[in-house]
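Read from first to last, the chains carry the letters A, B, C and D; within each, the first residue is number 1.
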Amino acid sequence: MKHILMAAGALAFSLTPLYAQNFDDPQEFAKQRDQLQAEPMGPEGQPWLQYIGGDMVDTAALGLEAPATVCFSNAGVNNPWRVVGYTNMVEELKNHASIADFIHVDAEGSDDKQIADIDDLLAGGDCDVMIVSPNTTAALTPAVERACEAMPVIVFDRGVNTDCPVSFIHPVGGYGFGIQGAEFITSKLDEGANVLMLRILPGVDVLETRYSAGRRILEEAGMNIVGAEFTDGDNAKTKSIVEDYLMRGSIDAVWMDAGATAVAAIEAFEDSGYDIPVFVGEDQQDFLRKWQDEGLTAIAPTYPTYQWRTAVIAAARVIEGEPLPGPEWVLPQPAIVQENLDDYVNPAMPPLHYAMCGCEEMADYPQAWGGN
Amino acid sequence: MSIAEDTPRRKAGFRFERWAPLILLGGALAIYVVVALVTGQAQYLTFDNLIAILGRSIALGITAIGQTFVILVASIDLSVASLISATAVLASVVMDGSPAMILPAILAAIALGGLVGLTNGLVVSGLKVNPLIATLGMSLIIQGCLSAFVSNFAGEVPAAFQMFAYGELGPFPVALLFLGLLAVMAWAVLRFTKFGSDIYAVGGNEEAARFAGIKTGRVVILSHVICSICASIAGLYLASRLRSGAPWIGSDGVYDLESIAVVVIGGTVLAGGRGGVWGTMAGMLIFSLIDSVFNIAGVDSFAKQVLRGIIIVAAVAFYAIRSKRIVA
Amino acid sequence: MSDSATAPKRRLPQINPVWVLLTVLVVAIIFMNPRFIEPTGYMNFLKRAAPLAILAAGQVYVITSGGFDLSVGSLITLVVVGSSMLTNNDPTATYWVIPLMLAMGLGVGAVNGLVVCFLRVPSLIATLGMMITLNGLAFLWSGGAPRGYLPDTFRFFGRELIRDVPLVRFIPVSVIVLVVVVGLLAWLMHRTNLGRQVHAIGDNPVAARLAGVAVNRVRITAFMLSGLSAAIAGILLGGFAGVSTDVGSGYELQAITAAVLGGAQLLGGRGSVPAALGGALALTAIFTLLNFLGLPQPVRQVVQGLILIAAVAFAMHRRRQTGT
Amino acid sequence: MTDPVIEMQGITKSFPGVRALSGVSFGVRPGEVQALVGENGAGKSTLIKILSGVYQADAGEVRMNGEAVHFVHPVESLRAGIAVIYQEFSLLPERTVAQNLFLGREPRTRFGLIDSAKMRADTREVLALFAAAGRIDPDRTVGELDVATQQVVEIAKAVSTGARVVVMDEPTAALNEAECEELFATVDTLRARGVAIIYITHRMREITRLADRVTVLKDGEVAARFDEVPAPDAIVRAMVGRDIADFYAPPATPEEIGDPVLTVRGAGNAMLHQIDLDVRAGEIVGLAGIQGAGRVALAMALFGETPFEHGQVTLNGERVSFQTPRSAILGGIGLLPGDRKSEGLVLMQSVRDNGMLTSRAFAPLWSSDRRNAFTDRARMDALLDHMEIRAASYDQDIRALSGGNQQKAIVARWLSMRPKLLIFIEPTRGIDVNSKAGIYHLMRDLAREGAGILMISSDLPEVIGAADRVLVMQEGRIAAEFPHGATEQDIMHAATGETGVAA
């Protein structure tokens, strides 16, 4: 046992300096900060069709004919965000006659399986266009490259390390998310206020960038960060952690890198008999409702699920030979604030529904999303 | 005298257990063909597709070959998933894109596997800790050490090393040939070496093995070392396939429980002493076929899980229901 | 010995090492955080430990009978998700949803038991299959994300406090549930025919069968109690923390760990409900302590792994020393 | 006369609570068959286990070819040339005959791989010593062979080690007459080759046929040593060494025997054929036969574990058809299994728990473990006291008790149920001589209280001495019946089918 620990320790020390990956990139930070302010192009009120930055790619040359088959290699539907997104996607398909067939394969959160899935689709499916939502960036790059050789590829959510896809669709990004929440806290509190940062998991790129951006802004504003804890996205653990912090001292604000456990964190304050401080959550219905019911001082940055619609729209445009924003299609990433909170709260929707879905006008809303 | 002693064993001309994995595999294949035909997707019945199916679960197959060894000696290894992550990360960090470091990285990964296997074996055979607990504890320790220092994809494997996962020799992927070779080697070890014979003896009746002069502790330890080294190789394969290693790839693939399920579906009994590596390969193929059937039939991923759980139990019941032994 | 009827000798009560471990850990926690001795401190601790303790108390039945139950974690998830689907924001639904969930726990346990007894699938595989199946069912039922809130009536058990209690100021409802459930399970295990027979079938199923024990009935009952305890744990967890999709993951291994820390013998024959409670409290105390020490998650995993191996190695060592 | 290859002198060995051997001296010369006889529990097995290094003697020494040896592991004795064929087979059922024969010492090729061809050839060569050779394919898995053939493989395994000393522990227990003759021929072959053979048996006929010398053990001491094979009576007297009438309880008087408790007519299943059987209240019926004759199968059929498929069973005047042990127990049958450790005891539980097991099994699951419809703690303790069970406390784990006390606890289990028919399988196996008498008297007491008793035993003197009537089984049938006082010869003849002695 001792040997193992020593070996692991030695290994670790050799690793740490090399592989503290850079999730704190000032350039990217500044870029996303600008993009949050930028006026998006495209139809107003339909953010899933809007884009920031004006580059377009022509797809007529790809020579596809409608109707065509679209294949979708999905990293997974293993969390509510992806469930809402996938529902958006399925509903959006109904708007596109040019997509005759839609084949969905689900990798259940495994890189290895997703690579195999893409190979399967290439070997046997009659795919004309492929949409990929990669499980992780680096691992899926070779598979996506192979897919690119065979057909046009649309990538969304996480990217890949290649520019071969027709377009990579994503909202502004993790820095933007972190910035919105942290700036809200600094605008509400004075220097030296106690801020607790709650994080889901280490190592996930989109979450790490949220954290680094949030931390940078809080530190620059002179906030006292009392702790940064991982919750594993587990409500019970979140509640326990917050309770433990409350036993040790007061908290003026809670910043979270994802909103899944926001309500549990709020309940920790309630159950321990404390006032609810300034809160950064996300656009999940349970948080929005709590916010509205309790009159919180809060903000809900979003990582909009409407990008799943956009992926289908992009595929349809490829088939129809229409131009689309690319090679990057940057979608706007609005935050829900006090002023527009009422627009997003909908008691008919399930607690884990992501309100920034851009789906309210779709045909089967709200039933398809589990609402009444 | 015990019940067994006084009851003459009935002679069985047809040994069901030997053929059961093939029957199951045949069944899975038939279902695959039928589903492909019924859904009008005959394009899935080509040679290329067969190869793609065979190549679906290489990492699982490599791990399961190792798991076969420990299960045959009536042990079990739950630490393979975290070991896969650890070796994948170790290899990709040591290589760090440099082709010159491929060999040292492979050696380092295998050494780590050997060390973990040795420790597992010592704890199981020396301290007499139940193997389930010993390897579960080991799994937590490895995962903890790993994620203490690495939290994302770390390092990068050079293009040359990606040959392992992506290279092709004629129509066959290199990794598939490697898996075949590994299976043949494992079969040869079990069939032709004294060590292989000892494994069956220790798993079948430890006391009898000890009386025959077999150093049972050594056999258990060596089996664990083989199992862990196989897991390291699976880790190397995944590093090659994913271009890098991350601390979650083993647990995301559920290689611990799935490798056990594959071995058991292949007819190796958890109590040890019976089974073999070809059954395990059949089990792996059954898993791959089921996955492919789900994909071509477009089964919803949640329903897929439900079915998978039922299939595992049903497959094991297929063997076990005939035994009269009380199990717990 | 012929005089044993007149002067029945009792064995000297051997102290189960888990209580020593727990005491050391609690002292360490108090040292780190003196406020732990206030009601808020230890009551929060007990509240947090309650679901695991109940789960471990149920798991002990299966372990003592010679098996494993890996399905409890996903059963917890299914209970939470299912409750949220069924209550559908209706506070009055609680009164039938909770009994239904308890029945579901019993039902899942019964299926586990039937598969083990009649299909003769080893429980490790049978409950692994059940674990995968139930996880899938939870997703399938909810379509991936639960559709309803859990009403306050449902969350009462896991979340509410009974205030103005003399001496301790307040008692969380979940602590009362803990005491009642573990008390009942301990009584069943150590004071009834069921408990003695669970021990017997785990010790030697052939002998038990030839002695007339209804091995299958007892085994299925053990699995049902484990399922029931998982349902109760699920109701507490759902109440404590609200709806989420992976509430129960990892609990199966924690429950086994807690039972083993309490000295339950894997593959059957020995097990104690109070000691499993001790194991669960010790495990929770370890986590709490590591939290106070500011140690990150990875270190916790390593410590958990080391303690698990050390506990069993120590037990085996003791068993060999006493020559049994 | 050649020098002894093995000489054991002054061997003493104690186990907790039991002195198994005291000052035993024993030797065997090359090319002779030395019969080692004694009752169960006389110390034969312990002596052999010391010779082979399973146990270490407390005092005394073992010499091999004149040099003191000290084996601490069976492997060492095996290497030194001592092969022991234990009663419990040590064969691996999933492996082939050849693999079993060469387990742990497989021949290898130049490359270090197992030389299967040589192993197969060597196996054939070894098997050629046996008449059964033609029937045994080296590539068959052992599990597919019948018990007799497995026995041959077990012996062949010992022979194949090239041992100079071979110990056979009741090798004919599972063999029929023809197979016995084959075995005797094999023993002759070995003797002719200069192998020293220690032959443990109960059967006088085998001693007369095979032995050159005889050593009799009794109560852990050498009771007699014969350099020439004496008349069987002399051996028996030395073995028992006491008044047999006192050792066994007196047989039942005609008045004590009542109406039939159990009547079986024309019953059978896959292993049993045309069973007709009566057991009366107050009567002890002995069931003799060689291993595999179906005695245990009959017990298990009556007990519902492997039920009869046809025929009639009447218990206390009522037609019954038990399909499970539970229903049989409810009907009034109790059974003491032959292998206490694997079939009788729940070892990690207390003495009292073992005693109360059955009564608890028939009480409601949720009711108290202290009291049920059949017994309660105080009555169970009284019962255990009555049987004079020696234990530090009834809360003690039962595994710490001696075999005799363990057996009594199992008897107590049944007494609380007041069964009408009690089946004892090998009731005194592994129990020391003094406790044996206790068990016999206990059985007689139970019979006097009105129970019918069916006793299955491989110990012929025990069957003859303890039973009021002896039934002999052969190949799944009841082949003969003898009244109290039959001779061993009569019974053996019937059991091995030499002559169809009808009662």
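Brief remarks follow.
Rule of thumb we're sticking to: a residue touches a chain if its C-beta (ideal position, glycine included) is under 8 Å from a C-beta of that chain, and two chains touch if they have at least 3 such contacts.
Values in this document were obtained by computation on a predicted structure and should not be read as measured data.
Looking at which of A-C and B-C shares more C-beta pairs in contact, the answer is the pair B-C.
Chain centres here are Cα averages; for chain A and chain C they lie 36 Å apart. With centres taken as mean Cα positions, chain C sits 31 Å from chain B. The geometric centre of chain C is 45 Å away from that of chain D, both derived from CA atoms.
Rounded to whole angstrom units, the spacing between the C-alpha centres of chain A and chain D is 73.
In chain D, the residues that reach two or more other chains under the touch definition are 305, 337, 342-343.
Among the residues of chain C, those touching two or more other chains are numbered 143-144, 206, 209, 296-297, 302, 306, 309. For chain A, residues that reach two or more other chains under the stated contact definition are 1, 5, 77. Checking each pair of chains for touch leaves A-B, A-C, B-C, B-D, C-D. Remark: chain B residues 41, 43-44, 46, 48-49, 51-53, 55-57, 59, 90, 93, 96, 112, 115-116, 119, 141-142, 145-156, 162, 166, 238, 241-244, 246-249, 252-253, 291-292, 295-296, 298, 301-302, 304-305 touch chain A in the complex.
Looking at the complex, you find that chain D touches chain C at residues 303, 305, 325-326, 329, 335, 337, 342-349, 353, 356-358, 360-370, 372, 378, 381-382, 384-385, 388-397, 399-400, 413. Against chain D, in their complex, chain B makes its touches with residues 1-3, 5-12, 15, 192-194, 196-198, 200-201, 204-205, 207-214, 273-274. Across the complex, chain C meets chain D through its residues 1-2, 4-5, 8-11, 188, 191-197, 199-200, 203-204, 206-214, 217-218, 221, 265, 269-270, 324.
On the chain C side of its complex with chain B, the touching residues are 65-68, 115-116, 118-126, 128-137, 139-140, 143-144, 201-202, 205-206, 209, 215, 219, 253, 257, 260, 266-268, 296-306, 308-309, 312-313, 316-317, 320.
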